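Residue numbering begins at 1 within each chain, and the chains themselves are lettered A, B, C and D in the order written.
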């Protein structure tokens, strides 16, 4: 069908995430810098450059032969909000310069299939076409900066957030939580099952070599989240997590607990029974994925995201030249990840952490005396 | 594991949806009334009680032998915001009295598996246990009131939103858009394939008779949405739709376009090519589901929700008595839908419509001169 | 100068106040009903119809010979959010039917000077002209409903909010806090100085009899607010109070502490010195009005509002007929207060209370265990 | 009275201003940098570093012998959101390094009267005491960065925002709009009356020399704002302007139109009559200050702020040592403005411009085709 735009656009953008714990990100792929500001972080949290850098390094390009060869040091600078090694309650501004920028491979007019080039051109009337501009995956640097601070806060209340790749190109695995914790940071696919990780890596490599790319699934688990987090009826825990997940480029699906399998279950199969365990009320199974009625149940949260294959492929594709309005063939050169899943893991961990911290603050589950030992 | 709550709860609730077009809902299942206020509706829209009532009737209990026998007229009253048959730009308050309330079957202490009883008790310290209170599906009356107004606005710019049941208890169908439009309002399952609808109905009935319930999938399609709707990087169209969808009780998963199938695709399969069609730039396929980079592409939006089986079943279940802290057996009497999917269709249509209208206003795609002929 | 409107209006309205403790109001002067929904109220607060009614009665028309003779019972109904005499954390919907409505005196075309008739006509393209519609003072019923709940919450942490009239038509007074508490609820002007109250009443009556009206000043004091409330740099305590105050129709000015007098002071006069008093750090004077750097200092907050004379006067005034675009004379009949100050006192108390509760929740100064004895 | 803090603080901060056009600021006085991010700016606006620098230069310290001698180049860097000289709709990040930092004069323990030192210490438990940290006037650099972009947008729809000093230490003036435009940028007091400006300068200088400081009043005028801007009932134009004004440190009062004088007026004096002027409906006088019912009337907006004397004075003052809890004497050395009014003018212009742009976007009064000639 024809693509229509109404005459007048009040062009808005929404680069702030969260209500009490808020991250605002900025930056284009081939612009001066990328980064973010965290506003609403409690005072007294120990925070250093390294806490942020550590998380950025997990997302950094050029980590292995599976990822893009763009060389970015991704060195973060903290401009404000930290004094003598602790947060002071004021906005924490973080900046990462763009370094290894090569805009020569990008065309203003040849719109790339599967990318947002044409939508930005039409919506904003004018765009930074270099490297995809704001719609590039490089935008997630700001998310990881913010997520690193969220993780530090969650550590203080013993909440753990960790992700891993569960599927790539049809190869699937379902390791135990122990296996995930042990293995997913060891291999370049970020998979909890070392054997499957090897097979996945081969598949990614072979598809990349053939000029194509492949999708996959990423799971994120939240352990030890207290009961009571999530704000019905609209800001339910799972609703906010779904938004956080789908806000990441390339994600096409979200599920929690039994997810799409719950469609095939009966009530007697799906309902997790309550019991008394060691003198306390407890839930025996966890098909719900750690939420009931939009509120955390105290059980582990588990969510899964479906990630589409990287749209940048070097195989020839059919497209259109914007200016000449003619059909053309495009071969995307640049440097791209044949499978984005391994590098999406830290991004989804960040988005989940940001969501959890914000909701914890909204429900009073992030007490200041836990954040700062000295209070 | 044990369920822990930190000492101090700043109990928040979030009953407002939207940024410029905002719906605030209220009401408990067995309280006085349920309803909602729409703030931000443009002035000059023709609106009558019947426009709202028509949508409420689609969600009303007691419509067929597949749904609960609770008898609610669900007659809506408009208290404000409409004058001489048109909106005046001020808040539109809508109220529906609760009528057929029978609280005798509900226990304060015996928490129901799969329900939010225990989470509300712990989070708020005190709850209206009758009929599930605020966590009841009855809460969605307010959503449908708001959704009805959103639909009226979308009609003015020729955007159509319609849902149907694609799966129940393993029975699946994939009708064409024409079939969906034709059949899904005709049968009591709200399915676009009449043959499958019959099989689904049998399955629902037989499970209901055995005291159990069953889950399913619901799809919502948006046709004719102009290019340009959605606000990257955090308020992407799919992110807001995911939140809207997961904010509905019983939903455990969300996907858009190829959804979870995109995990198994290669880039060359997934990328929808651009072409010139009748002199205009156009997208040939729609694996993306009508969005690119978080912005509507002009192609139809299609999203799917996974819906868990109704947790209220009359089969005996294991649970716990809150006061005595003892394991007990529970058999839920009351009147319940053995499959909530048919009645979730109008609710999801409402949530999608509310989301689309809000984002259209934010991107300037809902011009006042389209809303009001006289301007 | 000429009044210009740009072509396309995305007509928004903003009828929600607050971030965590949120009031949404609705209703037109001569519509079906007015009221509001409070969302975000902590669970467990004792709340009855009477708590709301008590505050509404202070605002009610027809209380004395100084106020409009419109007879409104202003009986509030609570539709949700309260169970067995306590709040349950869910939205509290409150409705007041409009009863004594007489629309015969209002003209669709003859716009009233000093009123919003013409602005609504142009902004929304279509308006409820009866009784001023949404721009009527009757809109404040919803504010007082919400304010009543806010006051109940503040009582639990021993914070007191009270207002009084300090000036009417040039007659001014500056009673002590004790005098204000003692006298301002006794006389019909709501003034803390009984002698001045009498003179003010005479002045109001004589101006009313002559078909004119008069302005005045209202002060609101907050006692016992803990240190730490207010969120720099933009949501400072005084900034939020200023917005709350100016959001009330007829208010044209706001000041806190020394207010406009601070313009004439030197630093050595204005700076309130710190001291040690009974072993604690303390502030000796209070020119700052209870705030420093946007944060409450623990000292009493005092703010003052300048209130313009009621624009509805029966004296002949020059105006214009909208339809015929001709200059006309208008004499406003209806029933109006010759001085709105006495009835604005409970409205400003409400707005200040709403602001303080919201900011207390945002800074963690409204602990749940103070709200609910049983937790 | 004693200053009390409740046990648990959910420390929030609010460094974002606006709803659709949003500014987020960051930075401490003696930290690494200050600045801000503008999100929601329409694409296609011509914007250069100089547009921002020009406004920053008006606020810069060390401009005359009336201002602090701190030497800050205040050179702004734009990190994102601008491409080939135009905005692209994405966040515009702006950073200004702190250069001439001298923290030696600041004490961690000796709290300064009239400053926020003690409130920050108690609220956040830990603070950057150097130069007042986040509560310093240096925070307004970020506001001016954002305001510069807002001004550029307003220029496109011919709206002019300009401020001037109307009063210093009892010396008052009331120049015509022409005089203000002509003179207020010529003299170092930023006053529209050159004779009075000279007297004010003398007064400021003499007080500064004596180690004291002085307050004053600043007026901001908005010309050519179209009718229809402002969102009743809570986000009225005057309410948002009041919040914007009071959010600036040192401001203790706000008035619009007749302001506090309206308290002494009768309705027949205050009501601005409508008339037909050159064939159009028009308002003859402007006691209302350009607003009716919270909506712009098309007449010029005029607001006034009361500014307290700079709290930093070198005269000896009584205070307290935080650690030792002993009364002490303090003499503030550092480099400070004896009257902050001249430098507050660009800050208030910025806040008013930010407010107006945001409300224009919310009411559809900032059409994209006016922003970008090429669309």
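Keep this in mind: a residue touches a chain if its C-beta (ideal position, glycine included) is under 8 Å from a C-beta of that chain, and two chains touch if they have at least 3 such contacts.
None of these values were measured; they are calculated from a predicted model.
**Student:** Once the contact rule is applied, which chains count as partners of both subunit B and subunit D?
**Tutor:** Touches both subunit B and subunit D: A, C.
**Student:** Go through A-C and A-D and name the pair with more C-beta contacts between its chains.
**Tutor:** When A-D is set beside A-C, the one with more contacts is A-D.
**Student:** Between subunit A and subunit B, tell me the centre distance in angstrom, where each centre is the average of that chain's C-alpha atoms.
**Tutor:** About 26 Å, centre to centre.
**Student:** What's the distance between the Cα centroids of subunit A and subunit D, rounded to whole Å?
**Tutor:** 38
**Student:** What is the distance in Å between the mean C-alpha positions of subunit A and subunit C?
**Tutor:** Their C-alpha centroids are separated by 45 Å.
**Student:** Residues of subunit D that touch two or more other chains: which are they?
**Tutor:** Only 8-16, 20, 25, 123, 134, 362, 364, 367-368 qualify.
**Student:** If you look only at subunit A, which of its residues touch subunit B in the complex?
**Tutor:** Interface residues on the subunit A side: 1-17, 25, 111, 113-116, 118-120, 122-123, 134-135, 139, 157, 167, 169-170, 207, 212-217, 226-228, 231-236, 238-247, 249, 251-284, 288-289, 292-300, 306-313, 315, 317-320, 322, 325-327, 362-365, 367, 370.
**Student:** Name, in rising order, each residue of subunit B that touches subunit D in their complex.
**Tutor:** Listed in rising order, the residues are 8, 10, 19-20, 362, 364, 368.
**Student:** Mind pulling up the subunit A residues that touch subunit D in the complex?
**Tutor:** Where subunit A meets subunit D, its residues are 7-16, 20, 22, 24-28, 31-35, 37, 39-40, 42-44, 77-81, 83, 86, 88-93, 95, 123-128, 133-134, 361, 364, 366-369, 372, 374-375.
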